[in-house]
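Got some structures for you, see below.
Look at the two complexes coming up: chain A is in both, with chain B in one and chain C in the other.
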Partner chain A sequence: MTDPDFTPSRHEERTLSTTPAAHPSLRELTRSEWRWTPTVGVAAVLLLVAIRIFAPAEWTSWMTDPAKDFVTLSVSVIIESLPFVILGILLSAVVQIWLPAGFLLRRLPRNAVLRRSVISLLGVLLPVCECGNVPLTRGLIVSGLSVADSMAFLFAAPIINPITIITTYQAFGWNDGILISRIVGGLVIANLVGFIYSTHPAPQTLLTRSFQAACAVDPHAEHGTRTRRTLISFGRESAAMMPALIVGAGIAGLIQVAVSRNLLITLGSNPLWSVLALMALAFIVAICSNVDAFFILSFGSTFLPGGIVAFLIFGPMIDIKMLALMRTTFTVRTLVQVSVLIAVCAAAIGLAVNLVF
Partner chain B sequence: MSIETAGRRFRRLLYGSITAISLVAAVLVVANFSHGPQLQSAQINVNTAVERAGQRLLLQTNEPLDASVAGKLTVSPAVAATATVDGDTIDVQFTGILSYNTRYTVTVPEVRSISGGGASTVSYTFTTANPTMYFLSPSTGTPESQFSDAILTAPVGGGAPTPVYQAPRIRQFVALTDALVVDTVNDDGTDALTIVSLTGGAPIVVNLAGSGTITSLRASPASKLFGYTFTPQQSALYEAQPDQLYVYDITRGNDYSIPITGTDYEVLTAKDWMFIPGTTSLVAQTESSGLLLIDTLGERDGTSGPAPIGSADSLVGFVPTTKTLVTATAGARIATDFGQAEHPNSSFPSVAGDAEGTIVDAAGTTLEIQDSGYGPDTTVAKVTPTGSSTLFSLDSLEHAGQSVTSACVSPNGLYAAISTSAQQITYVDLTDGAQLGTVDGWAPNWCSAR
Partner chain C sequence: MSFSRLITRWKGLALTLLAAIATGWLGATGQLGLYIHPRYYVFTLVMAGIAFVLTIGALLVIPGPDEHDDHDHGMHGEPDGRGPDAHGDAGAGRRRPLLALGGSLTALVIVAAAAIALLVVPPSALTSAAVEQRSLNGSSNTLANAGPPPGTSDDTSAYSVKDWASLIRQGASADDLSGRTATLTGFVTPDADDPDNVFYVARFVVTCCAVDAQPVGVPVYSPGWSSSYATDSWVTVTGAFEANPSVLSAATTVVRPDSLTAVEQPAEPYVY
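Up next is the complex of A and B:
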């Protein structure tokens, strides 16, 4: 989908110029959802509580161990991600509705490289892991930030968010340059991705059609109180994110049951395989960047430091759950390209760390 | 620029970047495989390495290692050591005790990862501890100073002595890890016992059982105990036994001395006594030469009493670094191993000459002061069951015409501190007779450590 009026310029592609054909208004889209959302949500919570209280233990006795593992692993990814997804959705609503139009964009440097550097560092202010950054990034794109700049934010923020930095420091201290390699590596990759995609002639084609439609609606032009619009935005983003999160968590659980962790660990002592195995592990376990350092600390004696660095850089950017979440926003082609680019970068950084430390 | 041109430029940039970074990664893979494991960290306790045999050096590398590296270990200066590989760590175990204040280099060549690739040499250098010696000396204060005696400290391997305690008259002292116990002489000729903290705490005066003199003072630094024998002043009113044995537990701070009782439930009169190293027990020799094994803390709690374990003419001493006590009876030496249950007795290798010379090792090697009368030819000999060699001769001191007053072995059994009547202490390496240094003083604490 290209715009005939498109005039490619890296410095000018700050807002989406696409105006798709007649769309239903945001209010029409979400009115029915909004009306029923609280009732459905409360009912779902009550149902789960009732099941937990009244279900006899025999109900799960038919489950085999792998089935139990699948449920436990999938639910654990959801539980771990949910607070951050909700926080991300709320921050997204704040950016879209509560900040004046163009508030963020006006304050960013005009120079493209400098602007992406600043955007990639914004994550320092936001204690949100990668799953929360997807809705926030969607909010930034809707607010008018370019796709390339949003990518720089999306991939850097989970690594340089303050909780991630603190937990990584707690887990590894200054040992083997793991903390520094993670922060610097994450920023370099995010800026590289942002730079490469800033040269894309039609950045809107990187987005899914449904998200393009959502972008075309100006949230500030919506009617109703800000609170009501925030709730509508919250409901709409939740409807987009939650199925993706549940599907992503389910796939992550399924693959963890199917692929032996022991197999990954036996590869850990090899300079090359330690990097590849831990990147594969990061992709599969889909653990949040806020806690991944403690997860991988238990593998610290088995794996070389480069493998751990590759895990800590690649995991927050690309994993099963993130791909599912990002699929709400980006096309498959874009996700494949970005995944390959980030994977080779993370592998190169991991191999370099193995060589130096 | 048309959209197609821009599109081509974007694809060139994207796929070109992926290709270039992949090439960099490939070069890094080759570099990683041609590059052997690297030393990450090393751990050794340089203090215990000079005190006990079998201490370990852990060399941690960045990769799990091939076990075949273990046989190629070298240590300089040469000492016996074995190496085993455990994951990414080379575990070097030194067979014996390392020398004081010595720079050792451990090298393991051809170290390879279990995943193959290049080899590297892992090398680590460390310097062993230079333990501190305490000894008595005339006070270094001004001539008018009321303190005429001082306890000085200096590292065995050299260094300027510094005073740690001064008093008008110091009869004897013992050193524990963080305290000195000093026996001073009052103006009336009786003794006072003071615990002097080396970490800045207030001195503690030990309450003695009345006025009298301290006839022996010994310490067990590992157990934080010291003991003494006390002879009360003669009194016309009552009869008092000499050499009454007491033990003090310095971990209890300001406490009372534990009276050690004999089989008659009276305070024991000990002809001689010694702490069993590393334990809270002691062996005491009664007036009738019977030997008693006594747990001092059991005496304090009233939970155990003295256990007779035979008799001996004299207590010679413990074999350094062991719990084996050597006693002498009718010129023959008997070893009693308190490290084993039932503490079995065995014959200890005999050497020519004095059966009561200082024990150096389990092979029976003994230090003997030969011709200890006044004369320039006084020597200290290292006597083994098969022969004898001169370790130290007074000729090596500036002031000839003196005599050797004592020869004590270091707690690790590798060195001797030889005191002369010229009030000098010379440290000698027992393996080769090399002299580490000489300081002015007497009564080095090696002589009272056990």
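Up next is the complex of A and C:
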């Protein structure tokens, strides 16, 4: 907790944490929950498995084809993203609990521009796509990284993670400068966002209040063994991430069923429209950055390289699922600003690539 | 009050447990392929296993017997990722019970919806409704690796729907493919322009998960097909290529079926 901005809210937190004393029943409830928890856990597991095995197909036989596709697509997003979200939560716990306090922050350069550059490059070490980066970024903010710096990490990491770079290379090689434009463009935008928000007078107000409160609890000051704290942190982060993931997956599935892709794809061969249409496609498809290169490659010659670059830069940073996940951490106002800023930058880079190559 | 508190404390674990169990069950019954590319099977199952263990572990330690309510503030009033600001205040539940209740109800609805989608609805492959949304054979490059049309000596018995669709897409005419017999398995989807006489034997090509699936298909000329075969049912077609007799259909080369039989949906309905 090196950031002085944390102090007031932390103080407030201390005050708040004494309020339960006024509600003696809360403490009692905690005890009684503790007693029935293991039984309920086992019962819940058995119940869920039983539902899955015995639920008759007739219950849902009334569903129309679009309704079935909606469920299939949403479930597909959940199952594909779940491992990365879990991995992100675990890495976040490692940063907060298993690494010594300030392990990361102490090693960062003091110069602001240099520090953000280093942070935006940290993603090279982490094979986590965008959905896993949200819990990790939350962990970094809780550990004391400034909001602006953590944004530089959040937006750069999915693009420069090693798997993304390899798959983009496999898909496009060095053709049309797509790989280079993606990496450089992603880093430039992430650093730009970081720079712009570093001038914000009250960076804490960019965060949702509930997350500000979560930041105010210093994880290193919590008691209990590390394993225990890891499990508690897992419970806390999954409470924030999982509902957002479900909602994001639902919206992504709904849009896929409702919006025809044909129009977007038809627009893809026009120098200007290709950039905008493919950004719209990236937004609604909400595909993982690790494999988006293969996805867009499958449309191959239909699209101009600038459109593809805009897709590959914009998609990992902003899409339906990401907005739902980031909403756990940033205010709506912040997300709108960031989305517009990134969209404009990605479009500019895409158009530039169309003109140059 | 205690209701809201219970929900905020357990919803994340409940959802993780749901998703982990659903994933494990799909893996155990060999149906993961309906949702994701096989290259992710191991990673997905391992992470689902870890999620399961962590959830059980978390169930055992939260809330511990000596736990103070410190942790609660982070979870309190973080209802669903959509409206944390409205009721996101630490301790909002104490000051604004109605908002906290609303947040809890939203969370309950999300958990219920996830349970239905993940555990109650039987797993299914994408349908023809998705074909309409995604332009059949519209993704050129999925189909671009086909190489030149096969010579007469080449063995084409193992060619799939995707292989033949690539050849036709690249402009292989009925002449190029004359004397070739194709055996194709896929689901039935009607031709947009001449649904009475022409249908496609189609498959979805998946690069990562069902979200990015692109339909590919080979047109089959068979007047009155819809009286015998339902859209989305699976068939195996054997037949030779010829120029499309249909005047309405945009397809140039079609398969004229020698035999057309209904089959079960294969275990891996998508191609890669």
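Here is the rule we go by: the second predicted complex is superposed on the first by the 296 of 357 C-alpha atoms of A that agree within 3 Å, B and C clash if a C-alpha of one lies under 4 Å from a C-alpha of the other, contacts with A are read in each partner's own complex, and residues count from 1 in each chain.
We adopt the following convention: a contact is a pair of C-beta atoms (placed from the backbone, for glycine too) under 8 Å apart; a residue touches a chain by one contact, two chains touch by 3 or more.
Nothing here was measured: the structure is a model prediction, and the numbers come from that model.
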Output check: A:297 vs chain B and chain C. Expected answer is one of first, second, both, neither. What do you get? second
Would you check which partner chain A:149 touches, where first means chain B only, second means chain C only, and both and neither mean what they say? neither
What is the contact status of A:287 with respect to chain B (first) and chain C (second): first, second, both, or neither? second
Have a look and say if chain B or chain C is in touch with more residues of chain A. C
Once the structures are superposed on A, label A:52 by its partner contacts, choosing first (chain B), second (chain C), both or neither. second
Looking at A:130 after the superposition, I want to know if it touches chain B, chain C, both of them or none. Which is it: first, second, both, neither? neither
Is A:324 touching the first partner chain B, the second partner chain C, both, or neither of them? second
Check whether A:74 is in contact with chain B, with chain C, with both or with neither, and answer first, second, both or neither. second
Overlapping contact positions on chain A, where the chain C interface meets the chain B interface: 301
Which of the residues in chain A come into contact with chain C in the complex? 12-13, 16-17, 19-20, 23, 25-27, 29-31, 33-34, 37-38, 40-41, 44-45, 48-49, 51-53, 55, 57, 59-60, 63-66, 68-69, 71-80, 82-84, 86-87, 90, 208-214, 216-217, 222, 224, 227-228, 231-232, 234-248, 250, 252, 256-257, 259-262, 265, 285-288, 290-291, 294-295, 297-302, 324-325, 327-328, 331-332
Could you list, by residue number, the parts of chain B that touch chain A in their complex? 1, 3, 6-7, 9-10, 13-14, 17-18, 21-22, 24-25, 28-29, 31-33, 35, 38, 40, 62-64, 87-88, 113-115, 117
Interfacial residue positions of chain C with respect to chain A in the complex: 1-2, 5-6, 8-9, 11-23, 25-26, 32, 34-37, 40, 43-44, 46-48, 50-51, 54-65, 67-71, 73-82, 84-85, 88-91, 94, 107, 110, 113-115, 117-130, 132-135, 138-142, 144, 205, 207-212, 214, 232
Footprint of chain B on chain A - complex, ascending: 2, 6, 8, 176, 192, 196-197, 199-202, 269-273, 301, 304-305, 337, 340-341, 344-345, 347-348, 351-352, 354-355, 357
